[in-house]
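Listed below are the structures to be examined.
One chain, chain A, appears in both complexes that follow, with chain B as partner in the first and chain C in the second.
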Partner chain A sequence: MTARLPIPLRLFLALLICWLMAPLIPLAVWSGSRSWYFPDILPSAYSGRAWSYVFSSVSGVPEGLWQSAFIALSATLLSLLIGLPAGRALGLYKFKGKALFELLILAPLIVPGIAAALGLHMVFLKLGLTGTMAGVVIVHLIPALPYMTLVMASVFAGYNPAAEQQARSLGAGSFQVFRYVTLPAILPGLLTGALFTFLVSWSQYILTLLIGGGRIVTLPLLLFNFASAGRNDITGAISMIYILPGAVLLLIAGRYLTGRNSAADSLRQI
Partner chain B sequence: MTERLKILLLLAPALLVIGGLFGGGLLLGLIESFGYMPLLGQTELNLEAYRAIFASQSFWSGLGLSLYISTVSTVIAGGLAIAAALVLRRAFKGRGIIRFLFQINLTVPHLVGAAGILYLFSQSGLFARLAHALGLIGGPSDFPALVFDPLAIGIILQYVWKEVPFIALILLANMQAIGRDYESVARCLGAGPVQVFRHVLLPLILPALFAGSMIIFAFTFGAYEIPALLGETYPAPLPVLAYRAFTDVDLARRPEALAMAMIIAGLATLILAGYAKLFYQRGGING
Partner chain C sequence: MSVNLEISGISYRYADQNAPAVERLSLSLEAGQLTSLLGPSGCGKSTVLKMIAGLLKPGEGDIRMDGQSVLALPPEKRRTVLMFQEALLFPYMTVAENIGFGLKMQGMPRSERETRVAEMMSLVQLDDLGARKPAALSGGQQQRAALARALVAAPRLLLLDEPFSNLDATLRIEMRSLLQELQQKTEITTLFVTHDQEEAVTLSDTIALMLRGHLIQEGPPDAFYMRPESREVARFFGSLNFIGGRVEAGHFLSALGRFRLPEVYPDGNGELTFRPENVCLQDMPGDPNSFTARLLSKEFMGSQTRLHLVAADCEFHAFTSPETARDLTEGAAIPIFLPPRTLRVLS
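And then the complex of A and B:
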């Protein structure tokens, strides 16, 4: 039995949803406007100027897009390789020092990354990692890896390893066990975790700025530069590109966003 | 292979990477905040940087501003999130679509929201134009300053915009797990709706509310790009001050940057302690 909500509650929800969508509206309109001066509510002329600029190489956006994607993919892949085994240990076993290890994983999700990145800068400079993609990928592991580990831990917490034992007794090697038993069972959770981890890295600003040292200019850095330079139309166009992976993720994995497990808490990294 | 060794091998890479990057970064930062800068030939540890920032007016106003922004954002977002969760848990027509729309900004990066807030609330923004169309203001300068303003309203609006769905979804899941049995009992015993909420539901969702609030308080306390885009030049919140000191042409100011970073990390560690307590009460990762 579903009823209609009372009118005040409907109004509250409508206002709230409008408010949540509102900031995206001027960005979308700006991206297609040619002139939009005060006090016009709508642009007086439209054009694809901002979009053609954004897709030209002089804007730096294609390069930034590529760098953002490469960094986020690399950070996700590394986080997966390191976080999957750790998640397995946390999800399946009880052991001495487990609480301490969990604390180490929770810490980077609460303590702001700027503090650790400022401290790492000197060492990265010495190692020649500042201003390089590798350096930025590594520093992105600070928010990305704990996130992936938490997701994998909750995936393994609901996983029964008994089937692995059976496969082994039937003569399967460790790789075969992983490929044909473990992987199919954890794949949905693994892919969701990977998508979210991609977005965690995709959304980083200050870590990239500090370690990239102005030489690695990802999409958020470009967005910030154009927004503070008052180029509203270009900012709008970059924003539309920048929110795409998140929109795709929402359509694919929206139901995982329900905040039902501890892993979802750490969405704050996005 | 013993189970202990196996667990250790599974954990070792993550332990090394997180411990090295995060723990190592904080430790190096702490040492550097004590003036250790071998590049400048300084290897003696001292408390100069802390003395310098504690004596500066901009540090205290920055700290105050940071605390103010985080507190106000967290309280408003928490309050709105409780209200939203209470409405969204009801069964009503079109709940599926409303819930979907409600989580739409969760995956929108903070910076995009900040740019959107700028184009909505600046003195030539969309709301100023609407106010002009309604005859409320004569020109942009009549519209109240809501971004780059001393009360940091633009920054707070951005955080509230981003955090309401985040806390509300945590609360919603929590309310679903709790169910309605306790509330039914209270109502049968004669409690009114306000009493039921105040004395039954609120105490039950309080741990989840605190956990979510602590995450966003710590996040907003350490966030750089939102105040850098939407805030005044002076006073500026701590992360902005730390970044400015770090990139100052005067290298001697770097220990001050690190000292401010350590103060941010110190406060966040206190929050972490509270969060961890709630986390283990819920039963840790397997809970």
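And then the complex of A and C:
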């Protein structure tokens, strides 16, 4: 059923993919090299050293991976709980101060992260949230919530709540209405929002560093440590691991969002 | 399984509006009857329906089914199924799943549900379409599926909110007779909201006319034609003619003459109304209800022609057949007879 992409568009897509993938190639090569010095085009010696180090507990990578995943999943779940009703209110209803509310939701994307984080640090110190997992999860909500809320608002803008009234009059309770009517209608948008939120949290560096105070070490923090220590091989290996969940989630979401595996389909066509 | 419905003095005001949408409205529906709640758009009729369904909470008054107040019940416990202008089929379920939704919510086991759904689908002539998704159905089929979904759950009360107004004229008539047939078969007490007086008249046992949040007149359909209680009612039902004057000793005195009346009205000022289709273009010498009028203009309307007439500075309208109207020229003097039976005085 899929119409074939025209040739110029296919070329353009191929270029785009090269542009996006190119920076990853040296990282992949680094992760498997023992020595790679200028002006050699390829490493002079290969080894699995970096990989076995990365998977050992000494490196802190397995723990960092677990912490990153836990924080990102918690932040996603919490922003769903907040962003879904907020987005519904914004998408379905008109109320006083709606424009101001929308601006405030966008504020975290406008205000520079560091400025906000420094102020937050003071507050979190007083609350005893610094250096805790909970503190990091909460601070991740700040950049993540705008995405979730705005995605849900646009989903609900095109949603007809009369279907819910219809279901209620047919005997469905609140939970059943959500389960059978609301959820199926908003699922694609909900997955998009969750994907954004997860990736925003997954890639947080400054906020984690500041609020985590070095006690909560996520993958980006580890990555930065090894990169600044000049361990290109280990940096390369961690980068590969770091990219993985994003890529997997995108492929899964693509299937859900369009009813087929769109990303994979496009690749095949090129 | 049918119940009677008693609404007493319910009011509702939307938060963003000053005037109440419904004000102290009382209405009772007899078990098994089909009643139309008729009124122009914005008169509050849909609000009444939503209050009965439990989707809105009345600010005052009570709603009782078989004598028991249902105000404390949430919508899903009232067993009053609503059907809207849009079919509102759930797009992620098949047609059969849609129709069976209410039964599923009632907790009926799958096998029994499937039998009931299949029966209902053949009643609404959707036999082979159960496995399709709603988007694959035509507008009329969707509305039939929505009707089936409403009826199969055996509601105590069926509430219809202009369910056919999105359909084209032929389909609308088909759907009306289907509804009438199924309603008589199931004897579910039904309240049908519509702005279309023709639809209300052809469909219902009783009509309740609503204007600006108030119930204006309630009764059998023909009463609204023969015995409108006010100028508003008469106008809503297409009576175009109102002549000022006064009642004196059983006759109506006006610039047009002194008319005999079909019944006794108290003396005093009033307005004479008669329907344009009851005006006879006929010479009745000596009869007080006859006079001569001049034709101002005529308008061909298809099955009939509307004549715009004037006599003694009183303008009025009459319907006649296009055949009769062909021979009438503008400015011509035309004999008019108003049969006493068709006259009504509004105070």
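Quick note on the criterion: the second predicted complex is superposed on the first by the 229 of 270 C-alpha atoms of A that agree within 3 Å, B and C clash if a C-alpha of one lies under 4 Å from a C-alpha of the other, contacts with A are read in each partner's own complex, and residues count from 1 in each chain.
The working rule: contacts are C-beta pairs under 8 Å (C-beta built on N, C-alpha and C of every residue); 3 or more make two chains touch, one makes a residue touch a chain.
For clarity, every value in this text was computed on a predicted model and none was experimentally measured.
Student: For A:Ser169, is the partner it touches chain B (first), chain C (second), both, or none of the two (neither)?
Tutor: In the superposed model, A:Ser169 contacts chain C only, not chain B.
Student: Return the chain, chain B or chain C, that is in touch with more residues of chain A.
Tutor: Tallying touched residues of chain A, the top partner is B.
Student: Report for A:Leu190: first if it touches chain B alone, second if chain C alone, otherwise both or neither.
Tutor: Neither chain B nor chain C is touched by A:Leu190.
Student: Applying the touch criterion given at the start, work out whether A:Leu65 contacts chain B, chain C, both or neither, answering first, second, both or neither.
Tutor: Neither: A:Leu65 stays clear of chain B and chain C.
Student: Touch check for A:Val200: first (chain B), second (chain C), both, or neither?
Tutor: A:Val200 contacts neither chain B nor chain C.
Student: Of the partners chain B and chain C, which touch A:Ile241 in the superposed model: first, second, both, neither?
Tutor: After superposition on chain A, A:Ile241 lies in contact with neither partner.
Student: Name the contact category of A:Val54: first (chain B only), second (chain C only), both, or neither.
Tutor: neither
Student: Could you please specify the touching residues of chain A with respect to chain B in the complex?
Tutor: 1-5, 9, 12-13, 16-17, 19-27, 30, 38-41, 81-83, 85-86, 88-91, 93, 95, 98-99, 101-123, 138-139, 141-142, 145-146, 149-150, 153-154, 157, 199, 202-203, 205-206, 209-210, 220, 223-224, 227-228, 232, 235-236, 239, 242-243, 245-247, 249-250, 254, 257-260, 262, 264-268, 270
Student: Which of the residues in chain B come into contact with chain A in the complex?
Tutor: It is residues 3-4, 7, 9-11, 13-15, 17-19, 21-30, 32, 37, 39, 80, 83-84, 87-88, 90-93, 95, 98, 100-120, 124-126, 128-130, 132-133, 139-140, 158, 161, 164-166, 169-174, 177, 211-212, 214-216, 218-219, 221-225, 228-229, 239, 242-243, 246, 257-258, 261-262, 264-265, 268-269, 271-272, 275-276, 279-280, 282, 284-287 of chain B that touch chain A.
Student: So in the complex, the part of chain C that touches chain A is made up of which residues?
Tutor: Touch list, chain C to chain A: 50, 53-55, 74-82, 84, 86, 88, 90-93, 101-102, 105-106, 149-150, 153, 159.
Student: Could you pull out which chain A residues touch chain C in their complex?
Tutor: Interface residues on chain A, with respect to chain C: 160, 162-163, 165-173, 176, 180-181, 184-185.
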